[in-house]
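The structure under discussion is supplied below as structure tokens; questions concerning it will follow.
Lettered A, B, C and D in written order, each chain numbered from 1.
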Amino acid sequence: MERIVLAYSGGLETSAAIPWLRDACGAEVITVTVDLGQGGELEEVRDRALAAGAVRAHVLDLREELARACIVPALKAGAMLDAGAPLALALGRPLVARALLTITGIERATAVAHGSSGRGPHPGALDTAIRGLNPALRIVAPAREWAMTRQEIFDYASRRHIPVPALSSPFSVAGNLWGRSITSADLDDSWTQPPDELYVLTKPPAERPSEAACVEISFERGVPAAINGVAMPLLDLISSLTTIAGAHGVGRLDLVERRPSGRESRIVHEAPAAVVLHAAHADLEAFVTIAEVERFSRIVSQQYAELIASGLWYSPLRTALDAFVDRVQERVTGVVRLELFQGGCRIVGRKSPHAGCGDTAPTQPVVVGA
Amino acid sequence: MERIVLAYSGGLETSAAIPWLRDACGAEVITVTVDLGQGGELEEVRDRALAAGAVRAHVLDLREELARACIVPALKAGAMLDAGAPLALALGRPLVARALLTITGIERATAVAHGSSGRGPHPGALDTAIRGLNPALRIVAPAREWAMTRQEIFDYASRRHIPVPALSSPFSVAGNLWGRSITSADLDDSWTQPPDELYVLTKPPAERPSEAACVEISFERGVPAAINGVAMPLLDLISSLTTIAGAHGVGRLDLVERRPSGRESRIVHEAPAAVVLHAAHADLEAFVTIAEVERFSRIVSQQYAELIASGLWYSPLRTALDAFVDRVQERVTGVVRLELFQGGCRIVGRKSPHAGCGDTAPTQPVVVGA
Amino acid sequence: MERIVLAYSGGLETSAAIPWLRDACGAEVITVTVDLGQGGELEEVRDRALAAGAVRAHVLDLREELARACIVPALKAGAMLDAGAPLALALGRPLVARALLTITGIERATAVAHGSSGRGPHPGALDTAIRGLNPALRIVAPAREWAMTRQEIFDYASRRHIPVPALSSPFSVAGNLWGRSITSADLDDSWTQPPDELYVLTKPPAERPSEAACVEISFERGVPAAINGVAMPLLDLISSLTTIAGAHGVGRLDLVERRPSGRESRIVHEAPAAVVLHAAHADLEAFVTIAEVERFSRIVSQQYAELIASGLWYSPLRTALDAFVDRVQERVTGVVRLELFQGGCRIVGRKSPHAGCGDTAPTQPVVVGA
Amino acid sequence: MERIVLAYSGGLETSAAIPWLRDACGAEVITVTVDLGQGGELEEVRDRALAAGAVRAHVLDLREELARACIVPALKAGAMLDAGAPLALALGRPLVARALLTITGIERATAVAHGSSGRGPHPGALDTAIRGLNPALRIVAPAREWAMTRQEIFDYASRRHIPVPALSSPFSVAGNLWGRSITSADLDDSWTQPPDELYVLTKPPAERPSEAACVEISFERGVPAAINGVAMPLLDLISSLTTIAGAHGVGRLDLVERRPSGRESRIVHEAPAAVVLHAAHADLEAFVTIAEVERFSRIVSQQYAELIASGLWYSPLRTALDAFVDRVQERVTGVVRLELFQGGCRIVGRKSPHAGCGDTAPTQPVVVGA
């Protein structure tokens, strides 16, 4: 019997996909759930997959890998959306793709599946990431083939006795340890502020401290290494900054993007650590590098962000851009001081061993030709 | 006797330039002082020019022209320095150049002169602007030819009995109605925050209101037209926003740029109206235009900023970029709501008649060829 | 009964699509064939559509529109593929999209269909063009839904008694009056030169004249207007240059592009008029505009080419880029002299009323503010 | 007595600069002449320096260094002027700057001098290169300070009994082993073809072979390594290609650039080896890399060319761009076959071990996080 490995989030679509894949493809379904710091009880997610008919349900903890192998390169590259929002979800996709391939190899499966619906700004990004790793593997995307509304999917799942979450919340939330994003038809009036209860990482104005907080972030060759002088692993550093900056309400973004069709898509982002780290890194980089490098680095940032969004992570374009970025980062060592207050994050000082002008001269010796 | 028209600010260098030009070039010196909203008593500046030996001293009020013909195009183009600082001084240079040429024509002078020293990031920008209007006109830049320190210039002026300001302040301040910038050797330690007394447009933290303010800015085809529903002329609108945003401490920027030589240059900017208007305009533009247009508009923004900084205002490059920008601005009509609080400025709503998707289709009728 | 309007080329895929659409969608099929100068007997194509079961078969002559509304803007923008190949096929797609919509309106159809298979570098370009005109219209692409090889499609058509061309030639040829392109599995060895018989517009080396030909092309605001001083309509001018340049073997290109999957795609282009006109236009533009404008114009060229290739013709991005380009073209008036010889095209002279430097100064009068 | 090291070409300006520097600066003048393959008898140049009053005259052979350290990186980066002309002169400037600094160190000199007049598209490029190596060193540019015409310089030199070349030729020629460029007031009529006698590396039409030549160029990681299968050192390879391509008249370029002032500058280039190598390299790179990499590589090419032209060779921008380029070059190994005929150079085949799609997948193993 054929085996399909399904990227499983525990939500409505991927839960309904389990019986659908079994019926439509005549295949055993094996699920993979990747822990990227999105929160929630992954043991329950695992149980739900088995209850929905999966023959096996894997859970992989790739949080450290997300931070080290995806978030840090994007931070060093200054890769953000044009309006200044960090890319969180999109940075997790390459790891979902790799997890699918790893389990496919272990389980000797013949196809992979995922719940991406083909809507949204980059509908094919996960497919592109999968093909970047294995151009030949068959990909099945049930949500693109069935033509069901969310209510119809819910009814389908109910008929199949699949345990799925109730359709109560009008908000669609996704995220990982680098940030959350919320979309909803209820947000469509761009004139109205999103309700405070959407935010879970950042405090509402009334609960924020009445005094500004100062935080010092140390970087080593572009990589965040310490907070207030205390060195810590990346996951701890991000988690710690999420708490500190979130307490002051830093990291909320309310963006509208418009598709070629003219349709607008409003996304509310919440990413305290990402906003603070991008601001600090950008300031330090500008402090230690010449203006000409900065100017081209911003062109690289834009290309890097497009690459992440479109799923081209596993491509020679990324490795070539990384080579540029890493050369620039050789000087990006130092400390940045930020003031966090009432939703704002302001740079108030920076220092670096590379601030002087001594080391801009070429390191190779001056050689006389003959 | 030859006549030279000197761009005169009333400061040390341009005051010393009056006798220097008379001696070195054997010329009558006629001064032009341009009112761009930099503040100060221009009548006194005029008297000082005459006291220093100018045969005539003109004062031109080009504030409305600065707003209409320079600031608005830069705002529509989203032209800012990479780190988000608006260009204020550089936007005034084209008008200084034009004033010099206008007076040169009236006075039948044979050369123009200015106090630019040839230091700073764009040492030749004013020359480039002048040449953009008249490639053949002779330009004299005394401060590039004499090799004097500020103290030596002061002594030279004293010996010539020229009334000049005392050398007391260590800070060099320049500005116009769009913003101020401050440089100083005293700011060289980038780890230390600039002293609060540097800022005159923005309140220090202790004096800011304890409640956020909401402000609604209306745009018509990219041009700011009203605040909180009250239509007002550009100069009033900028002045009003300077007051409102300044009260909340919005508009302070502390930037470091690095030259190819490795030398760093720290500039403190203060530009409340510019920061708020750029933020509001960018949000509205992203709201009404498709992502593909936004992406290319940011490339145009970067080129436009370089053009302003380098003095290429009077060039076919600007008129061609303006054509692109103006086409995009046809849809940038609407209202943006911002929250100003404790130095921060956050978009909390936007609306536009062009928000719907109906008008993306081409306006030309579908024609059948035969 | 539902009606579907099918873009019909007369080839195997679109011929097989007629019965397929009738069966799969239960719809009447109405075909549209657009004459873009691709050659062949369009009356025969029309008969074939009816023989295959179309209820009506329209043929629209959009050659003049292709030249005026698509080729000329691309020429003015300098929009070519990176390796210097002109975009021919892609420039015809917007007109195919518009023809589909025009006939859809006339026939009160509810969907459009086309033969694009979803392979190739820009599989969704025609869909994007259609959506740019009407985001809501249903699009059916039979070749993406059936999973048939060319041989299977042939067998299917034979079983349905559909008259289709024999599967003899291993080469897939497409084109219009701006150029032809040829792809084939037989071209996959990139080390081997394409066979001479692939080319129909350009003479093989042995048949080319032994003397170079000189040709002078006049442009008016970027639009080609005359050859050797003889003014002629665009279609005549392109046809005439195709003959002249083709006789000397000018306009052959042999390119390889590589997909993210790593798969290479070799395309042989033949476009004598396009190659000569792009070369002449680029030289004249550089001759009359300053280097700064040229540099940004090349960035615009690259974006314009991507826009054409990806189907974003009917988008605000094009109209905004056109505004930039048209401003630059105001000076692109003059004559370029080229030498055509043995496959090469070399600029040997250019003249223009805008060659002098007099008109770079701004045209607005210098105004004194007070 | 102070010592100044002068970059000495043996031409009129630098010859006149020797007595001028002695008089104006009261300094001993030491000359450095760098052999970059420009041709001519450098021993005679050395004698002329001494005859003009230099206390010592050094000649450094940096041809191999020019090829290896400057030409190859520019070739790998695809760095050309917009119109496709290779940068030859500008690639030699960094080595002139380094030679000046090397001799300055040996001779314990306190300043360097050069003959650059401050005209031309990048008047400060050599200064920028010198400052990139030593920001503090004093630079004297006599030709910018004296206000003499070429005739006046000639008369000045004659009065000082300095042996200088006669002012007979109206053409100003400069070059090195990578190419020659010719400027002249006699070329100002852009409608007229440059006279054939300007060209010394490329044969006139009448003397070219009547049969096309085929040449195969092998690259290893972007570096040209062999011609027709025969491996050879870079200098031999460039020299050999200059002969082969020059015989067929390949490598002539006739370009006009326009300054912001509106003044046009016509430059005739002759660079057979450079034109052929750039064409071959670009084709091979496109053959082995994906389209997304190619697109960004062209942005890098443009930035790299600007960097070379403006003298920013010794800057962190170049090393960062080199890191990008070198990563891309890892795949640029293979052979390109070109046809040279009657001034044209056409790619007719290419092959590479990296042509297949197997190696686009990431090389790191797929790791499971836990």
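Please note the rule applied: a contact is a pair of C-beta atoms (placed from the backbone, for glycine too) under 8 Å apart; a residue touches a chain by one contact, two chains touch by 3 or more.
Fair warning: this is a prediction, and the values are worked out from it, not measured in the lab.
Participant: Which chain's C-alpha centroid is most distant from that of subunit A?
Facilitator: Checked the centroid distances; the maximum from subunit A is D.
Participant: A-D versus A-C: which has more C-beta pairs touching?
Facilitator: By number of C-beta pairs in contact, A-D is the larger.
Participant: Find the geometric centre of each of subunit A and subunit C from their Cα atoms only, then give the gap between the two centres in Å, rounded to an integer.
Facilitator: Roughly 39 Å, centre to centre.
Participant: Mind checking the centre-to-centre distance between subunit A and subunit D? Centres are C-alpha means, answer in whole Å.
Facilitator: 45
Participant: What are the residues of subunit C that contact at least two other chains?
Facilitator: Only 132, 135, 260-263, 289-290, 292, 312, 315, 357, 360 qualify.
Participant: For subunit D, which residues count as touching subunit A in their complex?
Facilitator: Touching subunit A from subunit D are residues 35, 60-65, 98-99, 101-102, 105, 132-135, 289-290, 292-293, 296, 299, 303, 307, 312, 314-317, 319-324, 326-328, 331, 357, 360-362, 366-370.
Participant: Can you list the residues on subunit D that touch subunit B in the complex?
Facilitator: Touching subunit B: residues 128, 131-132, 135, 260-263, 312, 315 of subunit D.
Participant: Hey, which residues of subunit D end up touching subunit C in the complex?
Facilitator: Subunit D reaches subunit C through residues 82-83, 121, 190-193, 205, 212, 252, 254-264, 282-283, 286-292, 294-295, 298, 302, 306, 337, 341-344, 346-351, 355-360.
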